[in-house]
Each structure stands twice: as structure tokens, then as C-alpha cells.
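Same chain, two partners: subunit A is paired with subunit B first, then with subunit C.
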Partner chain A sequence: MPNLKTRPDGLRESPMKQVLAKADAERATGDVFAAARGRLPGVGLVAQIRARAFDVYKRAGLPHRRMEDWKYTDLRALIGEVLPLAPRPDAEALVRAKVSAKQVAADQAVKLVLVNGIFAPELSDIGRVENGVVVRSLREVLEDSATGAMAGLVLSTTSDSAISLNAAMATDGLVITVNDGNAVKRPIQIVHVATGSSVSTYTRSYLQLGKEAHAAIVESFVPAEGASGYQANDAMIALVGDEASLSYIRVAAAASDAVNISSAIIAVGARAKLDLFSMTCSGSISRYQGFITLTGEGTKLSANGVNLVRDKLHADTTIVVDHAVPHCTSREKFRAVIDDCGRSVFQGRIVVRPAARKTDATLTSRALLLSDQAEADNKPELEILADDVVCSHGATSGALDDTLLFYLRARGLSEKDAQMLLIKAFIGEAIEGITSENLRDFVTVETERWLQARR
Partner chain B sequence: MALLEIRDLHVGVENRGIIRGVHLNVNAGELHAIMGPNGSGKSTLSHVIAGKPGYEITGGQVLFRGENLLRMEPNERAAKGVFLAFQYPVDIPGVTTTNFLRAALNAQRKARGQQEFSTPEFLKRVREVAGSLNIPQDMLKRGVNVGFSGGEKKRNEILQMALFEPSLCLLDEIDSGLDIDALRTVASGINALRSPERAMIVITHYRRLLDHIVPDIVHVMSRGRIRKSGGKELALELEACGYAQFEDAA
Partner chain C sequence: MVAVQETIERVRRIDVDQYRYGFETLIESDKAPKGLSEDTVRFISAKKSEPAWMLQWRLEAYRRWLTMTEPTWARVDYPKIDFQDLYYYAAPKPKKTVTSLDEIDPEILKTYEKLGIPLREVAMLEGVEPKVGEEDPARRKIAVDAVFDSVSVATTFKAELKKAGVIFMPISEAIREHPELVQKHLGSVVPTSDNFYATLNSAVFSDGSFVYVPPGVRCPMELSTYFRINERNTGQFERTLIIADKGSYVSYLEGCTAPQRDENQLHAAVVELVALDDAEIKYSTVQNWYPGNSEGKGGIYNFVTKRGDCRGAHSKISWTQVETGSAITWKYPSCILRGDNSRGEFYSIAISNGFQQVDSGTKMIHLGKNTSSRIISKGIAAGRSQNTYRGLVTAHRKATGTRNFTACDSLLIGDKCGAHTVPYIEAKNSSATFEHEATTSKISENVLFYCIQRGLSQEEAVGLVVNGFVKQVLQKLPMEFAVEAQKLISISLDGSVG
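Up next, the complex of A and B:
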């Protein structure tokens, strides 16, 4: 059932205030688009698509809490306005970006770096891209009349206004195609580096994984030294072919006063295998939203995630898994570790369409609260429109278990080390689903970095 | 000096007295058994010695080699050689037994200023000890106590004791849930660790365990106090007559 909860009257804003707030926000964002237009790649059809996407965005405005999917992350209240588009990174920014990109580089990976929303070939391993894989920048694809026809697909939108804004404003991104039957050996790592202050950035990437192809994509988000107060809005469109297999690992860090919104729209073919993992480690306001549609029978999806939240940070992970056809399996495990006054939001919706008989879907979400002020919002939802399905969800939240802590301390571990061991084990439940040991280690190192910084 | 010296210990939970004046001296090399009815405070006593939070110490002292144990963190006590085999060992999913044992052993060694074991050295030791207790290698790869049977959990406690080589071992109902063969294995594991430098306090309800590990002294605990102490024949007497005779003593 669609979730149509009514809101207590006390929380409703006055209509007048709403109109004013909306008008202000529109003016601000309208200016942003008008000012940026000349710099956005693509003319003709592409420009039309952008203008249409912006109209859609303008009608809705920034996502706010009266939109059901954004009820816990009210961007309109939290960020108020959209900042001006970031300028192209200059030589100095590229130097800083290079340092950060290197810090997050995954072992063996072919690195593709986007700096402030612009592809930086000089920081990327273009020469190491394997045979059977084609990598182009979004700019190139949108400006080339031969490939411009792809624009409709690459700049796809949904009813989500953050995604529409992204389609309108995307300055660059990566368009990656993997040929049918091709098993890509090394992970392909897209690194988003933010170098600016008080600017907004937009990238849009596209991945097409051919039939029976195998690949691992890592996506990292990292702020460079000195980056602050920026707003990053990124999106990935991915098509996974029949019998293909994709591991898609995402690790997001952002400056402590920055906003990071990223969206993934993924369609998966038949008898395919998709392992999705997303972790958010920092950023003032982070939102990851994944929309995964299973369009072919016999496919197996694992979609796991972790939010690591401290200080006054806010991290929202929202995953919608849409079973459109019969005989698919989806497994979701989400874990949040929340310290200080942090807030973690997890929304997990499983939709089982009328045709999707024999669907097998489960979702568990657990939050570990390390302080009294920590907050976890958990909203699992099942929308089951078919018969003969197995679906379940479970959500819990709580503190570390004192009995376990004492057992470990009685064996010689300090209180802090005992806590650390239990937190790692908790996060590990979501990480263990990553099939590649190399990538599992990559993610584990990031979690340890976060844990080490615990006071 | 006694290895462990408990003087007039009083412990409560939520203003209710649970340990109500315990005196106990345990010398290195001795094995003491504590028997007593359910709820008499045996586990509480062992928890307080090991440093479990949540108890109010309302009076008395606990000295370990003359040092005030009650002021130390549980991990400091472990590093100094206090070991508690839990009546109810907990499951720790996501932490493999091997990793747990290595982290614990090295934390203790580090606290004592000893060199940490290298991975191969450590693994060699664990394999030896596990072998002597009939603990299969694959159990070491599983989460701590996850999916272990009651008897396997108890054997895992003895494995830890053998690995850590503590000088004071508190064994809280190590025999509960063990079948006859497992009881023999566990008892021989305990006997193998008896030494002139090491003391043990064995809490049990059954004489059967004490047939295998013969105590030097048997104490009867009831309603928060040690009501009677004697030789190993006291265990036989208890089995014949029960605890009722001690209820109103002292």
C-alpha cells in the first residue's frame, strides 16, 4: 500500500509562509539554471530535455518533508537554496583533487576522476581501461551528434525533483559501456572530488553492462583539502543486461558542512546478479537514493548499506526495490551506527507488482545508537500486489549490549576496544555480502578510518 | 599473603543485599569449591571479583596479591591474571573465535608489557590447546559461541583459560550442560592447569564434577554468606542432606 500518513495539524506550515518560501527558493534556483545554461553541454534535443527537466524541478521545488519519500530529510528546510554552479576546476584545484583521489583509490582499480562535476582525464587512468570497455565523458556524448540520441536515456528522470534538477544541470559525468560477454578484470572506480566552497556541482553517469558481462564499479565521494559548504548532486543510470553480473560499491564522504545527494536508477535484466553496497561516512546532509527495478526473471539482487553518523550530521539512505517480474530474489541489509547528535534515516520500500509471482524479498534494518542523543528513523515498507510471494522486513535499534561488552572486557579488552570490536561486527553484517575480498577490504578500511576518529 | 583475600564483602543490587559479609582466603595452588542453593549469590560473587558493572559494593575489600581489585577495570584484572569462566557464555556474532582470542590474548600481554604474539605463533598455540580439548578447528572460525551447543560453549571457556594462563580461575558452573564425556574432557583440561602458582574457585551444584577435580576446600554459600567450610567430604554430606541445615546457621 502506498504510505499516505496524515500529518498532525500542528506541524502544517501556514499556506502564506509556504508560498513565500517556495517563491524564494524558485527564484534562487531559477537564477542558477539561467546562469549556468551557457556552460551545460548539449544543444537542440539535449537542451530541450534539460529545460523540461528543470520545469519539472521548478514545479516541485527542492524536496521537502511533505513529499513522502523525503519526509525525514527536508532539503527545503535544511539547505534553503541551491548554490551557484561551481566553476571549472583550475590547475590549483586539480592539484588538491589529485591528492584526495589518490587517498581513496581502490587497489587495482581503473580510476576515473570527476572534479567539481567535471571529468579530469589528467587524473584518470584512461590508458588502463580494458578492452571491451568504452569510457567517454558525458560532455562528449551529449555534444556528439552521433551519440546525442542517447541523451533521453542518459538524462532519465523520475518523479523525484532532485533527479530532475540533476538532469537539468549535469555538467559532466562518465558514460561507460561494457560489451556483451566481457568479464572486466579490474574494478572501475569513479572518484568524485569536491574542491570548491559554497558552490553546487552536478554529475550524471551512465553504465551499460552487456549481456553476460561481469564488472565491478566503485564510486567514491571525497572532499579535497579546503572544500567546504558545497552541494553535490550526482546521479547514475545503470542498465544491467541478461545474465550479467555487477558489483556496485559506493562509499561517500563529504565535508562536514557539505550536502551530498546521490541517486541511482538501475534496471536489471533476466538471470542477472547485482550486488549493491552503499556507505555514507560523513557530510552535513547526505542522501543516497537507489531505485532498482528487476525487469527480467530469475535475477538475484543484494542491496546492502551502512550509514556512519556522528556530530550533528544527517545521513539518509533510501532504497526502492521494484519486483516487476516473477521469480526474482532480493536481499537487503542495512546497518546504521550513530554517535553524538547524529541522525540516520533508512527507508526501504519493496514493491511487488501484480505479475511478480514467486518473488522472494527480505529486508532487515538495524541501528546502533552510541549516544543518548543519537537518532535513527527506520521506515521499511512492503507494497505487495502479487500472490504467492515471500516477503519480510524487520527493523531494530538499540545500544551496544552490556553483557557482550563485559564478556570482552573480562577477557582483557579495554572498554573502547571492546566497543570497537562490537561495532565492527555490527557493520560487518552489511559488508560481508560484498563478494570480492579486495573490495570488502576497501570498504572495511573506510569503516576503520571512521571508527579510529571516535573520541 | 593469600592470592585472593575477601574481607567482609557486602554487595547489593537496587538496595537489596545479595552478598552479605563474605570472608574468603584463597592461596596459590589451592582449589576451592563453592556450593549452595540457587540464588544464594555464587555468580554475583564471581562477577564482583571479575569486575562486572552494575553492583553496589556496600562494604568490605577484595585483594588480589594484596592489591585492591575493586578499583580496577575488568580488563586490568584480566591482565593481572583473573579469569572468569561464565555460567552463561554469550554469543558474539560477527567476531570469529580466532580473532577474538588473538585480540584478547594480545591485549593482556600488551598490558603486562609482554610482546604480542605473531599470527603464526598464536595460531600454533590455539591449535595445540584446542586439540587437547577436542575442539574442532572449524569451531574457531565461527563467530564466538555462535551456534555452539551448551557443552561447546563451556569447552570454549576452558580453551580461553588454557590460552590465557591466568593465576586465579573462577569457574561458574562449568559442568552444567555437559554430557559425561564432555565433563571428563573439561575436567582433565582443568586438572592440566592446576599448578602451585595457580588457584581455582569452582562453583558447582554437583559432586560429580568434584569427583574429577578434587577440591582442597569446600564452602557452602547460602543467602549471601559462606555458612560452612570443610574438606572434600563436605560435598558428600551436602549431597546426602541438602542445604536446609545451613539456612539458619551463623
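Up next, the complex of A and C:
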């Protein structure tokens, strides 16, 4: 194929341009996979799974606006190409990563650090992992022939091409197993630190929570000093056992010119309790997509989230809750605060399968626009195939309420303080759903940090 | 909660097997050769004795259509349509030139009589008691344009409308008699390149209604078009253009039925509304095309593009639709709120049964300042049907002070059907206030409280509020179906889901 750059300008504007551009980007991605292959852990079955996943990705290409689920986040237009795989972090990178990881550490948490997509045991609290919890690195699991059977589960994909790309390219991650009946006292915090520039990283973690087990997982995404323009693609596969209880908090604060794509595929058993919270507060392009399937009766799900958007951040949160069985309850609360030229996207879909009688599902999504260049896109979808259910959704968007501002100002608050108070209350509605007080404080501190920068 | 028995019974009464308009009129007709080519387009244009610019317009649309592909994003599923296996033009063969109603083929008159459509002005004027089942008290003077397959067969009350300055005629006549108006507005709301079916319609549309209401005129009566597909294997492609000039008002009603057949038939219409400064257009539809039998065989594919342009300041367009027919419905009556302070409304009741598939909703595109819109949609799915509400509300960056309120409820009867809601809400400036809700109890706490305080139950109160929105429009529907439609609206809200 002729090199585009050598062509005269007139030709580049032809209708063929897009087609060529797509082909070019795909070829580049193909190169990225081919170049990385030797460094990806796992042979035999694992390598086969990776090749298959890559094929799926290659057929669809980068997600674009013609794909309904990616309508508002056109990666083909926003990113254009996939950057080469990040190198293994060197000693210098680990030093920088250590500083960042420390900054975001949650109180009392057992910290597990991934630097540029590679597990860094020297920065992690491996020694503090509690009894009844087994933590291994993904690399170790994929390279261990005895656990080969797990590969299919750990590297599972959906029709989503970003997840397929992740399965093909995952360099490392954490495989965490919590034994049946085990109540883990301290939260487990997975910290993703990006240290590179103009590279891509891929991690994939797997969590298996046994029957009647209790655990809290915190996932943080931060850049180390000097990291810029990177692309992080992460995935979490979680199985929550019957009568188990899981709190799962995710806070994404990528570098201001970085891309963060995170996916979670979660299956929940019977009479379990899942408490999910996701927050995005910086970066250039961010997409969080959670696919939660309720596979056992009597389960309660709460899936909340906040997008705090400023500058030119494009933050997309997409949550799909699939009620596959009867008698489950799901509650979703999503809030977006958008300033400057930011754009927040929220897509929430509730699916109620024909068998899922007595489902009780609600979803509310609210957006607060603080500037005239801000944009909020909301798509709260319902897909209901059973008749004996209660489902509802609500969505609003608008500016701060003038009468409320006036009320506060009349009581002596400055304009900024009054706004701050109202924004805090607005976000608080989603945060108060977090059951653990410690984790609620942890998230509140993060939101405070965002709000302070507004001053 | 499950649906209450009363609701179930009412919906069953309009089940696909109960289709009352499924008869066929045996009448000789004049058809274009089967299939679609430039020659078909020329044939239709020649049949209508159209000026050259119109033919050119059609041909351009046809050429563009050849480059387009069918949309697949809607939640509907059907075998591929063979566009070469259709007749694009069918007209009842005229026995001689028709000068008055009495000379119209009595078979056609009988058809409309059977459908309950008043084509005889006399009967109406003298207040002769209508036939059985037409006890609707709201019945009054309505001008009707009756479209039979591809042609308009009669338009009533033309003289009286003319006195008021209102032009109401088949669009084919308007192209000849008022080319300046048609040329200026045709395709200005739904351009020929808009979408696959609109482009096809632009190339082969055969007839439809044209309305022009001059400045400051309040149209003295309801205008109505009744569409009837009769011929086998034909597609009906009608085009409606309504222009409400400054400060005018018009209310327009549309009804449709088709015979019962095993094959699927295509109906791809385009409706364009233009409202200038301070004008108001009220557009109501009772869509009752043949929905197919209880095994899902046959029925009409209703792929329609309807769009209104609130071009002037303070203009208003209101869409009301009662959708019970068609095997597949794919339509999104939309409002482009271009003029400052303009208003768009969409009230819809979509009832699907049997194997029907409905993917319908609206688009409210706020471009002007202080524009407002309201969407009230109720979907009821029974049998093995799929009922989807798909709606877009968007505020442009410069559309400050815009407001939207959306409420969409759906009700499922039985466990083989599905109800889906796909709203797209896009706010591009901070002063746009959008509210979208599906919880019936939240319509307006104040109003509900008021009702409950006066002794109504919660459910009665909610029913009262929702009915208040739609009832006044529905009561004005002229066809006997309006009575039935009204009953359907009063369906209990028990068991409704988002």
C-alpha cells in the first residue's frame, strides 16, 4: 500500500481517505500485536485464546460511533491508533511509581501495584495479605501449565472490541481468590501506575469471591510524574459467590492527555450483595464500562458513579445490568459535574430477561453543567422482556439552581462557596451509597481534591 | 405489578385477529410495471403531468437512493425487502373524468363508507345521523382528502376552505397549481438525502395532501387525510406537506387501513410540516394498517419519516399518534425547534399485539433560544410483540434556556413480549433543563397531592393527569376509532414499567 504521507494533499481529501485511514490504523494495531507477541505471557492454549481475541478485535477495529454502545465515544476519531506496548518498567520508573502509589493509598488497605501493566511486588504489601486470600500475578497464572484451564475464564471476552483487544494484549494483572466464608478485614487496593509516555498498557485482573465471603476492592488509576499521552486498557473479571458481599470502588485519575479504557465483567450469584462505585476525575479520554449479570436469585446490586469533568476531558461511563433470574434488586445512581469544555457520557442499560420475574430495578442519572461549553449525553435504556417487574429510570440535566444559590448567598456564603456546597451535595447523593465508611471517606477526599482545583 | 384484567380485555379486543378493516375492494386499477428504475420514476411523474423540475427532483433522489443502504439500527427484524418485486404506482382506473363525488366509482365510495369516512359533505352538513357505532358526540365538520393506493380520489369542503384562503388539495395538484409554494418548501424539512426510506419516497411518491394556511388564518375546520392501501403487492408512498404561515393555525388528522393479506406490504411516507412565526400545527395520526395475522404473517411495513420545522419564533408543532396497526412500525415524528420560543410536543400511544414490532418515538432538536418541548409516550405490548420507544432530545450550544420534559411508560401484558426504552438526551449548554422520567408517581407531586386530597386514589390521580395530556387531542379525532382510542388511553396504569 502506498504511503499516505507521500501523496499530494488533494488526494488525501478524497472519500477514500477514511477507508485508508482505517486500514492504516488497523495495520498499525496488527503490528503492535505482532511486535508484542513474544513478550505476552502464556503459550499453547493461552496464545490461541489471545490470537482468537485479536481476530475479533481486528474484524471490528477500534470502537466507533456506528457501534451503538460506543455512539458517544468514537475511539476511531478520538484516538485514531493504538500506541506500541509499554516496555517493562525500569528501576527509575519504579521509584516514580512508588511516589504516586503512596499518594493514592487508601487507609489500611493492602496495596498491590501494577506499573505500566506489570505487577511490581516490591511496591506491594504482599506480606500483609490476609489468610484465606490468595494473590497471584496474571503472568504467573498464565505461565503455569497447571492452571491452564483458568486461562479461558480469565481471558474471557464479549463482543466488545476493546475487551477483545485487552484479552489479546494483557501483559499482567492480579488473580485474587477469596475462600468461602472468609471475611476479609482490610480493603485490597489495586493501584495502576502509568510511568511511560506515548505507549499503551494492558492489564487484566480476576477476582473470585467464594460463598459467603466478604471483601472490599479498591482500584486506583494514577500517572507517575512525567507520564503523558499513554493509553491504558484494563479489564476486571469478577465472580461473586452465593451470599457473598463485595464492595468495589474504582477511581480513575489519568494524566490530562492520557486515555483510560476500563472494562469490568461481573457475574453475581444468589442472595449476594454487590456495591459498585466508579469515579472518573481526570484524563483526556476515559471510558468505564461495566457489565454486571445477576445470575442468582435474591441478589441486591447497587451501582453508582460520578464523572467529574473539566478542561477537555471526555468521560464515558457505561453500565449494563442484566437481570437473568427472578427476585433481584438493582439500584443505580449516577452523577456528572461538567465544567469548561468537558463532556460527560452516561449510558445505563437495564436488561430484564424473560425469566426475571419480580425484578426491581431503578436507575437515575443526573448531570450538572457548570459552563456553556460543557456537554452531557445521557442514554438510560430499559430492555424489558418480563411482565411482572418494577423498572424505572430518570434522567435530568441542567445548571445549578439559582434559587438555592441565592438562599446560600443570603446566608453569607460567597458565590464560590455556595456553588461548592451545592456541587458537593449533588455528588454526595451517589457517594452515600458506599457502605464502608472508610471507603466513603476515601472517595470523598478524592472529590474534594477535584473541587479544590476549581477555586 | 401485573396488568389488571380490565386492561388485558381491552387490549385483546384490538388484537390482530379482530382487525375490522381487512376487506378488499375489487376494482380495476391502473398500475406501473413492477419494479423500480428510472423509467418507473418517469412513469409516475408523467402520470401526474408534473413539470420538469419535479421530475428532475425525483430522479436526483432516485440516483441518491441507489447509493444508500437500509438502516439496521432499529430494534426490528424482518426479511430483506425486494424493492424490485413491488408496484410503485396503482390507481383505480377512472371510468371518465370525474367532476363531482357522484361520478367517483361507487366501489370506492362504498369502501370509504365501510371504513366510516365521510366523503359526502351533504350528509354532514344536514346533520344526518351517522350510521351505527358512530355515536361520537364530538363529531363535526371535517374536510377529508381520501387517498386510495397511489392517488387521491376525493377532497371534500374545498370551496369552503377556499373562502378562508386555505389551500387543501392532493399534492399532485398542488405541484401543478401552486408550484412556487411546493418548490420552496418540498424537501426543506426532510431533504431528499435524509434517509433510505425518505429518499425512496422522494423518488416515487405518488400522492398525499398539501395544505397551506395563509397568514393570520385559523383554519375553519379539521383537515384530514384517509389513506387506504387496496391493491396487492403495491407500496404506498405518500407525501404530505403542511405550511402554516405567520400567525395561522391548523389541525390535521390522518388515518390509515389496509386489507388483510399474507404478504407484507411497504408503506414509506414522508410528512413535512413548516410553521412560521406564531403559527401552530397540530398533527394527529390514528395508524391502523393491517398488522398481520396471529401467526405474524402479512401486515404492513410502516417506515415513515415525519418531521416538523418550527421555523418561526413562537411557533408550535404538536404530534399526537395512536399506533395500533402495522406489522413493523419505524417512525419518529420530530420537531426542529429553530425559532426562538418555539414549542414542540409529542404524545404517543403505541399498542402492539401478535407479532408486531414497534420502534417509534420522537426527536426534539432545540436550536432556538427558550424553546421547550414535551414528550409523553405510552407503550403497551401484548402477545409476542416488541415495543420500543426511541427518542432524542438535544439542545444546541446556542439554544439557551431550553426545557424538555419527557415521560415514557410502558406496560407489558404477558411474558412473551418486550418493552424497551432508548432515550438519547444530549445537553450542549448549561442553561438547558432536561427532565426524563419513567416513574409514574413522579409526574407532578403537586398535582397528584391535589387530586389525592380530594379523595382520588394514587392510581386514579395518575390516570387523571396522564389522560389530561392526551384526551383533549384524542377527542378531536373524527374517525370512529377515536372512541376506541379513548378507551385505550384510560387503560389503568397498574403494572406499568419504565
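Everything that follows uses one rule, which is that the second predicted complex is superposed on the first by the 436 of 455 C-alpha atoms of A that agree within 3 Å, B and C clash if a C-alpha of one lies under 4 Å from a C-alpha of the other, contacts with A are read in each partner's own complex, and residues count from 1 in each chain.
The rule is simple: contacts are C-beta pairs under 8 Å (C-beta built on N, C-alpha and C of every residue); 3 or more make two chains touch, one makes a residue touch a chain.
Nothing here was measured: the structure is a model prediction, and the numbers come from that model.
Visitor: Please work out whether A:391 is in contact with subunit B alone, subunit C alone, both, or neither, and reply first, second, both or neither.
Guide: Second partner only, subunit C.
Visitor: Counting residues of subunit A touched by each partner, does subunit B or subunit C come out ahead?
Guide: Answer, by number of touched residues of subunit A: C.
Visitor: Would you check which partner chain A:354 touches, where first means subunit B only, second means subunit C only, and both and neither mean what they say?
Guide: A:354 sits against subunit C, while subunit B stays out of touch.
Visitor: Once the complexes are superposed, what residues of subunit A are shared between the subunit B interface and the subunit C interface?
Guide: Of subunit A, no residue contacts subunit B in one complex and subunit C in the other.
Visitor: Going by the contact rule set out above, which residues of subunit A touch subunit C in the complex?
Guide: Within the complex, subunit A contacts subunit C at residues 68, 354, 357, 362, 367, 369-399.
Visitor: Touching residues of subunit B toward subunit A in the complex: what are they?
Guide: Contact set of subunit B toward subunit A: 50-54, 73-75, 77-79, 84, 86, 89-90, 92-95, 100, 103-105, 107-108, 111, 143, 160, 164.
Visitor: For subunit C, which residues count as touching subunit A in their complex?
Guide: Result: residues 1-3, 73, 397, 400, 410, 412-439, 442, 495, 497-498 of subunit C touch subunit A.
Visitor: Would you mind writing out the residues of subunit A in touch with subunit B in their complex?
Guide: Going by the criterion above, the answer is residues 401-404, 406-415, 417-418, 421-422, 424-426, 428-429.
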